[in-house]
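For reference, chains read A, B, C and D in written order, and residue numbers begin at 1 within each chain.
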Amino acid sequence: MEYNGVTIDDEYAEAFPTWVSRIIITAVTEDWAYRAANEATGFATSAIGCPCEAGIEGFLSGDETPDGRPGVAILICAGKKKLKEQVVERLAECVLTAPTTAVFDGLPEAEERIAVKLHFFGDGYEYQKEVGGRKCWAIPIMNGEYVGEEDFGIVKGVAGGNFFVMGENQMAALMGAQAAVDAIAGVGGVITSFPGGIVASGSKVGSKKYKFMPASTNEKYCPTLREKVEDTKVPEGVKAIYEIVIDGLDEDCVKEAMAEGVRAACMVPGVVFISAGNFGGNLGPFKFNLADLF
Amino acid sequence: MEYNGVTIDDEYAEAFPTWVSRIIITAVTEDWAYRAANEATGFATSAIGCPCEAGIEGFLSGDETPDGRPGVAILICAGKKKLKEQVVERLAECVLTAPTTAVFDGLPEAEERIAVKLHFFGDGYEYQKEVGGRKCWAIPIMNGEYVGEEDFGIVKGVAGGNFFVMGENQMAALMGAQAAVDAIAGVGGVITSFPGGIVASGSKVGSKKYKFMPASTNEKYCPTLREKVEDTKVPEGVKAIYEIVIDGLDEDCVKEAMAEGVRAACMVPGVVFISAGNFGGNLGPFKFNLADLF
Amino acid sequence: MEYNGVTIDDEYAEAFPTWVSRIIITAVTEDWAYRAANEATGFATSAIGCPCEAGIEGFLSGDETPDGRPGVAILICAGKKKLKEQVVERLAECVLTAPTTAVFDGLPEAEERIAVKLHFFGDGYEYQKEVGGRKCWAIPIMNGEYVGEEDFGIVKGVAGGNFFVMGENQMAALMGAQAAVDAIAGVGGVITSFPGGIVASGSKVGSKKYKFMPASTNEKYCPTLREKVEDTKVPEGVKAIYEIVIDGLDEDCVKEAMAEGVRAACMVPGVVFISAGNFGGNLGPFKFNLADLF
Amino acid sequence: MEYNGVTIDDEYAEAFPTWVSRIIITAVTEDWAYRAANEATGFATSAIGCPCEAGIEGFLSGDETPDGRPGVAILICAGKKKLKEQVVERLAECVLTAPTTAVFDGLPEAEERIAVKLHFFGDGYEYQKEVGGRKCWAIPIMNGEYVGEEDFGIVKGVAGGNFFVMGENQMAALMGAQAAVDAIAGVGGVITSFPGGIVASGSKVGSKKYKFMPASTNEKYCPTLREKVEDTKVPEGVKAIYEIVIDGLDEDCVKEAMAEGVRAACMVPGVVFISAGNFGGNLGPFKFNLADLF
């Protein structure tokens, strides 16, 4: 099929379960909440080489946060045990240390919970305090008091929703990917964890030549290898491909993010082809057909 | 002494050796180089809980980079073994995956070297290529080719240069800290690895109450505990304290950064006191007297 | 009354009618739409010395714009004749000249209309085209085609909704004002036209000393003159005051913006007093009581 | 000739004299100085339809400003009489009104001077004050005191230095133009006054069809009209063109900006042709050959 003159491949994205935590970071201004969130979600593009996948889900006004201050919601995704460890470390090192922050659970209805006991940092000077109906700990620190919840909901979400933006040259593909990321930023419940939300280098499992490598370049999607790789997936005339990878709280929001992202990419001149990545359908329980997005 | 009406404490910062790598990330525009650098230096505030300390050292024009494109220089700091591991992982996950990036060694004259063999990702399709006199590998990826050096200099640098910005209230201290970070951004060879460059929660080694804690709040620097802690270091009238922690390539640049930062903080109305942190002088080999900065 | 420990003065804001145009600027990405909007709304803080008042109302997703691309809505406010002139000039010089932009009427239901005939720029090469149900002109330009509507709704709106954020020192007041502006950014139908949304220097009509001046500093609101001016309006302990001035499409949205802004400012430590500005109530037909905002 | 595989046209840019004022705006942080500068340089793309041309020249550290605070240098360009009027209005409405600002002359050695007597706004409460060796006026305002010089140097500079970035499609040309603007930002003494520094719609003097139009689209540079316009200047294969227009303090800095900008644009994949604009050489006294830039 076609959308706005762009070919939409007859393909589907294959995605996987992951555990997800949603954390609300508030601060004196939106900018300071953002800086803490940015630090806390760095070095978290892919669970393959990073300790977790993480990103900014969205911005919250004071009306939407427990303490009435502007906030940023982040998602952290990983296996269950790793998730708790990463939430603890990232809150302790990147948010408790950041100016004027407070932290609240972003999934108060979730049944599964993890405990993040930062209050021991208070060395006995800490005390309990209710903020906006939430049971928090206040910890005396240099800039006054850090306030935070310590009980966080986690849910089984979806990792690896994806689509490919293919362009007649690199800049067209890049701007198409950028437009997609902009559009996805407006969808609740999802993140795009790669740098700027965009993946420039796709991988396949293992390596044909270097047996010690757990993953290597996916030559089928490399435009410069189009003539050399027999079963290339690079359509004629495509000179660059970017992948948008989406993690989210559930199938619905990942699907909505894919739909918004694909449509936005198709509005950018020079974007010529949209596809999606899967592993034949036997690995991941979630399937998102590109055709179903429209 | 006083500077611009602000009391400068008769104290010194005590700092420690660390191994430092300096990496130049270039991209099609400054903004895209920044996004890769931002992802690669996230979750890297403090070596205590993060796998390394990292940050953006500065921006480079096309005249200053091997491939003539705009760039961002980052520093990654850790123990020698951890440093290599972190450089490999952060380049592999956060820069190789980012749109249009290339990577170059930022310390070509350093004698100590680490090898970062990303080219195995190319699965045999990679090839060697010279760029601006640098020996690089070109790896076919989805957006075209990733180009990078694989041999990086490391030097024994300085971690933990620091000073405290104390304010008559929280916002004065915060803006003073912000002005300091702005000024330090203009100094070469250094980073401020905390969120937005600023530390809101200082720690002491261990804990008096919770024996299992390796570190806990430094109650002597907590304004809300001023009346409760006998040997408080919070001057009268101080309501909030931020610490600026500086890592750098050598003593000189850390000293310059402290000088620029302190002077800038003192220009902000409501900043009333500057001090520095040390452990009595027996732990760290580097000492930076505040008085020597002027 | 008090809110979050901050005194809310028993005062009201007095506001005035103005004609308002709402224009939607779209572009290939949100960032490029923003840059055009930013240029088009510059040098437009106050109708006293600038040719109009203008600002960014908000960001729009592709679902909310006629051409399916990301957009920015701006408001331009002035007297009726001046308004048309300013819309023509600002669209011609700041949006038609900007990369990838298109322009659409943001008040399609308004009865009063102004014609903005940019298509003459096409020198005969222009042609009519429908986009998203809107009757547009496409003008060949260097980067391809500029597309835009030429018939814009205008409404009688409200100029000069306002409140004062007063702080125990300058940085507290500034961050309080910043938090207010952040909060108001989330309210539809309004702008804060001053630099960063904040006014640092309030004025009174005329001058006591310099008869040729149409306006001069409002000494009653100058903290440094508190002891010298008999009828000072600066409360004891206040060292700095910022004013937030709001223009909007109607009374309701200006009131909502005031409410959101005041509440946000009151969350910032060191903000101690909120008031509002009026001229005794005889000049402006709109009155917004601070007490009614809660 | 060619540079990095891009054809450099055998053309020259023709530029014109203009009067230029250079003003240094400082503030409590770099960000606040930027916001005032951004407002003060808006609606100032082209002298044809805007009251002046203006833009941000660069950022200054505290070491480089009279009051030791971070600053932004802006250039305002216009005819002599208009220049004074615009400097007065833009400082009065966009800088005096902005939080924490101070203003200093950025051309203290210039012989020609203009007086910008903002101190009358003080209504007699103002007083003289020396700051960093500069004779200033301090005016009591709501956020404390505004401090500024009132005597500004102006010089005869250069307006209209330019080059065209032509791409095989729109996004390639746009990113090439963006890279050029990034590079020019590092050159002292110049501005690029259009939105984001980039011109999407070039004009010719007058109009063939609409006699009342002082300027209209330059059809020779319109890619969509390539087949319809006999003397088209659009090379084969070019689908989009952006122009970078540079104003500066003198010929040398405009030439350097052109050189840096052209080189940067040529690094972007998909940029295929660079040219420059002139009027046959009889109108402007300054000529910048593209060939001389390398």
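Convention: contacts are C-beta pairs under 8 Å (C-beta built on N, C-alpha and C of every residue); 3 or more make two chains touch, one makes a residue touch a chain.
Predicted, not measured: the structure shown is a model, and the values here were computed from it.
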Chains contacting each of subunit B and subunit C, listed by label
A, D
To bring the C-alpha trace of subunit A onto its twin subunit B, one rotates it, in degrees rounded to the nearest 5, by 180
Compared with subunit B, which chain's mean CA position is the farthest off?
C
How many angstrom lie between the centres of subunit C and subunit D, each centre taken as the mean Cα position?
25
Nearest whole angstrom, what separates the Cα centre of subunit A from the Cα centre of subunit C?
34
Rounded to the nearest Å, the gap separating the Cα centres of subunit A and subunit D is 39
Touching at least two other chains at once: which residues of subunit B meet that condition?
28, 144, 170-171, 174-175, 268-269
Given the complex, residues on subunit C that touch subunit A span 4, 28-31, 61-63, 67-70, 144, 175, 178-179, 182-183, 186, 260, 263-264, 267-269
Parts of subunit D lying in touch with subunit A, wherever the complex brings them together
167-172, 174-176, 268-270
Interfacial residue positions of subunit B with respect to subunit A in the complex:
28, 32, 35-36, 38-46, 48-51, 89-90, 92-101, 120-125, 139-146, 164, 170-171, 173-174, 177, 194-196, 198-203, 207-210, 212-213, 215-219, 221-225, 228, 239-243
